[in-house]
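What follows is a set of notes on a single structure, which appears directly below.
Chain naming follows the written order as A, B, C, D and E, and within any one chain the residues start at number 1.
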Amino acid sequence: MTGLLSGHDLTLFRGDHCLFNSLEFALDAGELLVIEGTNGSGKTSLLRAIAGLLEFETGSVIWAGKQVRDHYQAFREDLVWLSHRVGFKADLNLVENLKFEAGLRRGNQALFESVCDRLNIAHLADLPMRSLSAGQQRRVALARMPLTSARLWMMDEPFTNLDTAGRQIVEELIGEHIADGGLCVVASHQALNSSENMRRLLLS
Amino acid sequence: MWKFLHKLASPPHFYDLSAKMIPWFAIIGGIFIMYGTIAGLFFAPPDYQQGDAFRIIYVHVPAAYLSMMAYMIMAISAGIGLIWRIKLSHAVAAAAAPLGAWFTFLALATGMIWGRPMWGTWWEWGDPRMMSELIMLFLYFGYMALRAAIDDTVKADKASAVLAIVGAVNIPIIHFSVEWWNSLHQGSTLLRDGGPAMPAEMLYPLLAMIFGFTLIFGALLLGRVRTEVLFRERRSRWVRNLVCAQEGRNE
Amino acid sequence: MNERESEPPGLSQGLSSIVRRDILLAWKRPGDVLNPLFFFAMVSTLFPLATGPSAAQLAFSGPGVVWVAALLAMLLSLNSLFLSDFEDGSLDQLILSPQPLPLLSLGKAIAHWLVNGLPLVLVSPLIGVSFQMSGQTITVMLLTLFFGTISLSLLGSIGAALTVGLHRGTALLSLLILPLAMPVLIFGARTVSLAANDTAVSAGIYFLAAYCMLALTLAPFATAAALRISNE
Amino acid sequence: MNERESEPPGLSQGLSSIVRRDILLAWKRPGDVLNPLFFFAMVSTLFPLATGPSAAQLAFSGPGVVWVAALLAMLLSLNSLFLSDFEDGSLDQLILSPQPLPLLSLGKAIAHWLVNGLPLVLVSPLIGVSFQMSGQTITVMLLTLFFGTISLSLLGSIGAALTVGLHRGTALLSLLILPLAMPVLIFGARTVSLAANDTAVSAGIYFLAAYCMLALTLAPFATAAALRISNE
Amino acid sequence: MTGLLSGHDLTLFRGDHCLFNSLEFALDAGELLVIEGTNGSGKTSLLRAIAGLLEFETGSVIWAGKQVRDHYQAFREDLVWLSHRVGFKADLNLVENLKFEAGLRRGNQALFESVCDRLNIAHLADLPMRSLSAGQQRRVALARMPLTSARLWMMDEPFTNLDTAGRQIVEELIGEHIADGGLCVVASHQALNSSENMRRLLLS
């Protein structure tokens, strides 16, 4: 099993409880990995561990032929992350928040307006994040993904709090990203439009 | 050498080895303490200045010395654990902290008890040794409070290791600063350096006590590490085998 | 996307981004800048109130009180250093950003000092005057507070990183930091006392400057390590 | 469901539920109970350190230092009184529960005092001894701290309710509370000083007791009103 | 328009922005009100305002013939509330959390075990809430509803983070509650099984 991103012999514990062991996965450029499983099956934990925020008990994750653990900085240059929590400051507005991220990682700020328009958040630019509704906050968080040029998108339940139109946009964004040769790892309870580039990983 | 260390660091091996070491530490340490106590209390001559009050030195000095020693052990093993990811080493640090805090407390308490007849006060803010000992007690408390605040053992190990190392960097600075502070204010009247200007009948029991205390400390530390290891490895096969063997059945 | 559209932001840009963001955040809530200041001023006035006013007393305990007040004001503001980042998920983003985490930690400490430490240093002469310090003593106090507060911001960031996510308020943080901050406090207060008695003070100031340099080089790494651990 | 299965819980049950829950929360993190204690002890040792050791000085400033340390320890622990309830949504639940909100606020203040104030009162004799206070002075100090910490828990709960959701750390809270707490501090410290000089102290103690009663009757209502506003 | 719960001439502002005005709704025993609308249309705000956590600019809410504003305590006895946030202490386990709620409001503790079994959280009783996954926390939060005997359930996006089985259970719980003569107000982006007892309110 090889690929640009792959995991080998992964075992993860939370407390005394083994979430999974000897898990293997591989993902190539232009592919989407959907992690599925019931509540508490370990999707979030797996994502966090792949990103290096949790430690696997055994096994290793390989990115572009190198161990993530040993080349963490290089891995992070290719990664953009979306979690349950928004990851933006509630006191700043979305422009300030997104500009801050632009100072940290490579991206294309020329797209700024078109991305905001597309996610229908452009008219919210004057409000601090704390005044936005749950779904609006989620949309702002999502805007960070197309604004960077990171190849690997990791998303934990990207559809949470979104309305139908919002969910549609997320699917399109993911579709375009992998069509462009990017990789995407998503944990979700909601079915994504399947395509031949989609792989599934079922945790039980 | 490396191989030996690696083997030692494996929990089951450590568990077996320490079981053999503890009695020796305890017995030899006990003998030294017994000698030190008897010789110190009954045979050492009373101090020409302090009379019999000086005899508390036989507890005070070993305790004070071990309080520092325990911190060093704690910080070094925490560092090893953090850098080389050796779990046993974290267990050592975790086990050393309460012991160190106890010895620090003991040094403070005996010092205070001693200070009462000697200086006419329980506590003297001006004394650098007292102050750095007190700050050290707070360092231990901080370490233990941080550990207690984190449920997850692995996380607690790593976080407290960072603190122990930062504290170790600071200990010489703390010591120096307290001393400097004091030297400005009043002469160090009470604790002169280069102590052992004392007769052999006083000195040998003291050395015996220090040595005995150290061995007992070693035994206690090993014992605590054993329980710590047993708890941490509770889901591993060797611990389950051990428990089954003790209950007289096979898994 | 395989075409790399732009140059990746360099280290200096990463550092300045986070410093600017944190200052902007403080700016959005101007109260934040003023709070430690008021606190500093209030503690400095509480003591005379609690112990009773007597000019000799005041002159004697002035340096100590000012320094303890500064230390406490810094401690209090440190508690929230990483807390909001942790809670809104920004900490995940910082850790996963391509910038080195020690650099970002340094940036947070710098912003903390600019927002909390610097105003405190600047306002301290007023308090010095109220404790009837001489002009020269006040200069020394300014210098010691300058180096001292920088060290405290840096040391404090280690403690804040260790306790983030534990929801323990300032108490645990203080417990961790106070022993480490003791040398700063002792040297700071003593040096000011010496200045008040017209004794030589350069040794104390050198010490504080050296300690500050040490903290500047080591603390960001300890903070980064602590953040990685706390954010599990 | 129209059939009412059981008796609705009464007021006393509501009060005891919340007191028990908050104590249970503290119990789950035993560090929480000890932290204000350590803090109290540390501040009491910082002052002698910073001002320099001299027995006369110590005896003189002892009561003031102990009282300021107690006040600060209480302030620090107050910051988190409603914070976690606000953040995890429990505050919504408390406000929307059928129990009267002033009652629940009172319960929170009681639990806060039991967890933070009481241990502090109990440990204060040790610190009194280290400041070389006499037995009688220590008794007076115990009494003043007893009433004083209750008042502080109650007053502090108002401030904590007003500042919850502002993410401002302890500084703003202190700013709001200190003026209210000033009478407590001044009377507390003065009364202990008087006791040290063998002067009559009953007036001070009566004042503190009366202030405490006043806080006990009014503060819960103020806190409840503040909570409703802050939680918008 | 009358009903057990009704709102008349409701106008709500957030900041300078008018979310809705002259809104009317009414709901009777045994009915379900679903509030729908795009992200940011004001569903959460409406719910919070009905519950009395926000103030309407104009208009009033009537419960059992009385103004909620004036008889707030009586209204709260009949209300149970589920919001975005769990509303439980992260350091306590689910038993301790649910028992605490039982001390505040009328309920039927005899159901405790069956409710936990049904929501599939019984096996988590030893873990503090912070260790639970997002969906598990959500299930615990949901458990508070059937355990009380409040007649009015207000739920903001009850399906968030739940897996398919979880969503199914929530639908069943709501169904049973209104069949029992309860009332339920739900804001959700996900379609609920419609029945003749369902009313819809579309915010735009």
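In this section, a residue touches a chain if its C-beta (ideal position, glycine included) is under 8 Å from a C-beta of that chain, and two chains touch if they have at least 3 such contacts.
Given the structure is predicted, the values throughout are model-derived calculations rather than measurements.
For the pair chain C and chain D, the fraction of shared interface numbers is greater than half, so the two copies use mostly the same residues to meet. Just to note, of D-E and B-C, the chains joined by more C-beta pairs in contact are D-E.
Set against the Cα centre of chain B, the chain with the most distant centre is E. One finds 36 Å separating the Cα centroids of chain B and chain D. One finds 33 Å separating the Cα centroids of chain B and chain C. Look at where the CA atoms of chain C average out and do the same for chain D: the two points lie 26 Å apart. Of all residues in chain E, those touching 2 or more other chains are 84, 90-91, 128, listed in ascending order. Residue positions of chain B touching 2 or more other chains: 138, 141, 145, 149, 152, 181. Shared interface positions of chain C, defined as residues touching 2 or more other chains, are 29, 84, 87, 167-168, 172, 175, 178, 182, 186, 190, 232. Within the complex formed with chain C, the residues of chain A that make contact are 51-55, 73, 76-77, 79, 81, 83-92, 96, 100-110, 128, 149, 151, 177, 180-182. Residues of chain D touching chain B in their complex: 29-31, 34-35, 38, 42, 45, 48-49, 52-53, 55, 58, 129-130, 132.
Listed in rising order, the residues of chain C touching chain D in the complex are 29, 31-32, 35-36, 38-39, 42-43, 46-47, 49-52, 57, 60-61, 63-65, 67-68, 71-73, 76-77, 79-80, 84, 87, 167-172, 174-175, 178, 182, 185-186, 189-190, 193. Across the complex, chain A is touched by residues 14-15, 37-45, 84, 120, 124, 127, 131-136, 138-139, 157, 160-166, 189 of chain E.
Taken in their complex, chain B has these residues touching chain D: 121-126, 131, 134, 138, 141, 145, 148-149, 181, 185.
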